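Have a look at these structures, which come just after this line.
Two complexes are shown next, each including subunit A; its partner changes from subunit B in the first to subunit C in the second.
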Partner chain A sequence: MRTLLAALLLAFSLGPAFAVEPEEMLDDPALEARAREISKELRCLVCQNQSIDDSNAGLARDLRVLVRERLTAGDSNEDALRYIVDRYGDFVLLRPPVSPRTYALWFGPALLFVIAGLGLVVFFRRRQAAPAETTTPPLTEEERARLETLMDEDRKP
Partner chain B sequence: MNKRLLFILPVALLIGIAVLFAVGLKHDPSIVPSVLLDKPAPSFDLPPLSNDKPGLATANLNGEVSLVNVFASWCGPCRVEHPLFMRLAEEGEVPVYGINYKDKAADAKRWLRDLGDPYTRIGVDRDGRVAIEWGVYGVPETFVIDREGTIRFKHVGPLSPEVLEETILPLVRNLQQ
Partner chain C sequence: MIAEIGHYALIMAVFVVLIQATLPLWGAKQGNAGLMALAKPAAQLQFILVLAAFLALTYLFVTSDFSVAVVAQNSHSAKPMLYKVSGVWGNHEGSMLLWILILAIFGAGVATFGRNLPASLRARVLAVQAMIALGFLAFIVATSNPFERIVPPPLDGNGLNPLLQDPGLAFHPPFLYLGYVGFSMAFSFAVAALIEGRVDAAWARWVRPWTLAAWCNLTLGIALGSWWAYYELGWGGWWFWDPVENASFMPWLAGTALLHSAIVVEKRDALKSWTILLAIITFSLSLIGTFLVRSGVLTSVHAFATDPTRGVFILALLVVAIGGSLTLYALRGPALKATGTFAPISREGGLVLNNFLLSIVTATVFIGTLYPLFIDAIGAPKLSVGAPYFNATFWPFMVPLLAAVPLGPILAWKRGDLLGVLQRLWFAGAVALAVLLVVWYVKFGGPVLAVFGMALATWLVVGALVELAERLKLFRIPLADSLQRARNLPRAAYGMTLAHGGLGIVVAGIVGSSAWQVETIQIMHPGDTVEVAGYQLTLEGVSEVQGPNYTSQQGTFLVSRAGSEVVRLHPEKRNYPVQRMPTTESGIHTTSFADLYTALGDRQTDGGWSVRIYYNPLVPWLWAGAIFMVIGGVVSLTDRRYRVGAPTRRRAVKALPTGSAPAGT
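Presenting the complex of A and B:
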């Protein structure tokens, strides 16, 4: 039991595993932190739903090293990202940029929400505007007479 | 009139979504369109694989329509498409240049000796850096380059006879005119 507990503790204390290997890392901790930040934004094109920071693919490693080289050469974060995007396209960014091509993606859900909201408003307005139609019409003379006879029958012992 | 609209609208919506899904199912997300299309080939200069065949540099892509094929001896699909390049080399319609991607020289040489060497030039990209300049993310990849050294088409994955006959060769002939 105790060993199991110790093993579990150890397992959870390790935290998420990253693919970055020690020899890739930069000596300057500030630059390395920026490199990690950029790497998390970049899609690994070999294993598409991982960032290059998480991926063990060869290309992901090459791109991590490339990002670090660009930073060491004095690139800003944006410059380094742009360098990769120029070669691999917007798809390499895990967060798609807001552009006319992605308007539907960014604003589509909000638009659907607004349309649904408007639909609801129209629906309830209409129901309120025409209450007479929905309420039950009063009984006709004929119906009233029939009801009376039925009730009388019941009252008889 | 209003009631009819109430009926048509959901049906139209359903058809729209069905079309969207049908397109989405056919779309292969592993094929990423290249942003380098209609842009000049990246500047690079790769050393040769062996003494009897020249290396490959940007300048070599000028003056003639050509194909650039990124290959490696360790890449299985490269073996699949290889006979097509051998045929192309035999017919001599368009020169095929090779970029040997992250390969060991001895392995690459043996591979070409065993299967045949269709390439007019071979540049060795030992660390894969030049391939990144080309936006390569999976070998094999094949590019069509026009006379001015501009990238006109890119195919990711092994070439099939259909892609070669129906897309690449017509484009090459068109560019050659």
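Presenting the complex of A and C:
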């Protein structure tokens, strides 16, 4: 769906293009595979939450080419990523780095898991402590009347 | 004239809804039967008025009346009829009108078929439903009038976004909205129950069919959207963890949890307070989804509304609806006493685990989706949260949940025997292990996680079948007796088998498509042949084709395997001159185990074409599994225990407290 936007962007670019174009690709399949892996981690800066691997915007293409240049120059995956982050900031990463600013993002789910898990333990403990109440709530007047009707119906043949 | 009638009907609806939202509520408090009875005709009249407005807008689109602004901006005289009609909801104003129409349909449904509901509960449910309608009607009338005229009218319209001119996407919004808005029923019932101060098995039994119907539609809507993305976008992806996708996925996750917790309320009179909260959360997430998509906060094409006043209006609506209902919950929720008790290891315990993990997963998606907005709002340096984050946080909670799915339904109510359940599932475990070994052997060297993923999928499917066999006591009693049991088994039981099995098939599709996709991106000249996953694809040529409102470059691939022709695929690159916008149409050959997927790219200067060819294993299973899940829901809906509205008045009284059939979904 974010690709809707990509398509919109396309409308303003010169012509349609795929994300990764054949001429961008490296001859070495291992290196190319690494480039694709890195591309999936990087955000196309002018798109809506789309990786440069998926995007057909011009800027995404420039980044893809840049990634491949770095890899060809002998960078490791981390080096190449750092090279891009140094120039474009954390915003370019689709997997934001763990920092005080993202503690809530990264640890929030686990924290919720622990809190809700403790809540469950307390819930079950209390259940066990309190003897099982088997009393059902008394019927309301309305329900009693309905029950009466039903019983009458059943009594009739 | 028609436009003015439509506008007039909308304004009338506002007044009807005002009455529906107040007098029946007052009547229920005072015990005034006359005022309570007002809710029914009001809900029906509301439906008729909103339907009239919707039909008026549809008429304007169909007849291409460009003196109406929305039509001029979103339609074109040369558009095929299907897209003239789907254009009605392919824009902000029309889609909000559709939202309200569906709300009115559900309301009128309760009014008309809810004869067996206690009068006070029905009055309150319809009043709450009317409050939601009031908010959205006011929103439309005040900020998004679909019937606004423009002077002078243009000669022709701007046309519909070409990406929306597709059968898959034409019906995606209605199903999505049937899901979103359907959860409003659960919400209205929950709020009404809080006002009433009573939640019992009967309440759960009324809520479940509505929730189930909403869930089926939402599942179908999400599947349609995903399918569309897959074939229309040209790179074989089908889920992107895009905020707009997440907006529909969050209510789905919460709604799935609600579906399961309502079972506990119905069967065991426990988890009442939690179920009420879950109903409020599920609809709140639907509202938030609407807000995310409609307010422009995500600045994507889906956010048609660019005017910030609209965003502020929806935000205010959100605060009132969610804040109000949660406040009511905080005041009244603790008073709801549950009577059913159960041990941690029990069917109820299994459903609690389901709710626990689904809630965590929902929260995870929620945090990831809204975090960038939150960071932006507090003025910190912007950041992005994309697919890598969601893949890293979603699956650690989801995998244990999936692994536990086959166990739950076999556990006994109240106090279960986990070891016994595992013993009864030995066959599913054995088959899963066999699949694990086979996949490991065949795909040796591939992603290791995928091997376990396939075993998990097998565990789910076979586990669902084993559960059914257990119910039928298959092979343990004479076959004739098993068949007899099969006939007597409630439909809801079959529904669950289908839905859980479908889930397993979806898991297989997810694993297969993400682990073993084969991709070829290259330049081909007419006559070139390329080999992908055992298929030989020859580009025979590319020709110009004229569509109704577009021109297309259509490639022809001859696909053959082992020397014999399999199929000819025609991927297209379409250009819509009205919007000056290109779209891709992939050419797909679907077999039972995989898709062969072709997409046509740019023409190169030397006369070659850039093409993408994918071999996507198990992708068809994604859609098949989703359809199984929906069918499961529908089968469950036809369970006679839920046909609460249909019978005659005398039988309606009778239909209520029977509850004879044993254990359901």
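The rule is short, and it goes like this: the second predicted complex is superposed on the first by the 90 of 157 C-alpha atoms of A that agree within 3 Å, B and C clash if a C-alpha of one lies under 4 Å from a C-alpha of the other, contacts with A are read in each partner's own complex, and residues count from 1 in each chain.
Keep this in mind: a residue touches a chain if its C-beta (ideal position, glycine included) is under 8 Å from a C-beta of that chain, and two chains touch if they have at least 3 such contacts.
All figures in this text were calculated on a predicted structure; none of them were measured in a lab.
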{"item": "First (subunit B), second (subunit C), both or neither touched by A:96", "value": "second"}
{"item": "Broader residue contact with subunit A after superposition on the shared chain, subunit B or subunit C", "value": "C"}
{"item": "Touching partner for A:104 - first (subunit B), second (subunit C), both, neither", "value": "second"}
{"item": "Partner chain in contact with A:120 - subunit B first, subunit C second, else both or neither", "value": "second"}
{"item": "Touched partner set for A:31, first subunit B, second subunit C, both or neither", "value": "neither"}
{"item": "Partner chain in contact with A:86 - subunit B first, subunit C second, else both or neither", "value": "first"}
{"item": "Subunit B versus subunit C as contact partner of A:48, first or second or both or neither", "value": "both"}
{"item": "First, second, both or neither for A:142, with subunit B first and subunit C second", "value": "second"}
{"item": "Touched partner set for A:19, first subunit B, second subunit C, both or neither", "value": "second"}
{"item": "Where subunit A meets both subunit C and subunit B, residue numbers", "value": "48, 89-91"}
{"item": "Subunit A to subunit B touching residues, read off their complex", "value": "45-46, 48, 58-59, 62-63, 66, 85-91"}
{"item": "Parts of subunit A lying in touch with subunit C, wherever the complex brings them together", "value": "1-5, 7-8, 10-11, 15-23, 25, 40-41, 43, 48-51, 54, 89-96, 101-102, 104-106, 108-109, 112-113, 116-117, 120, 124, 127, 132-137, 142, 146-147, 149-150, 153"}
{"item": "In the complex with subunit A, residue positions of subunit B that touch it", "value": "29-30, 32-36, 42, 102, 127-129, 132-135, 137-138"}
{"item": "Complex contact set, residues of subunit C against subunit A", "value": "118, 161, 163, 200, 225, 229, 233-235, 237, 240-245, 269, 298-302, 337, 339, 341-344, 352, 356, 359-360, 363-364, 367-368, 371, 375, 380-389, 392-393, 397, 521-523, 573, 579-584, 599, 601-602, 610, 612, 653-654, 656-657"}
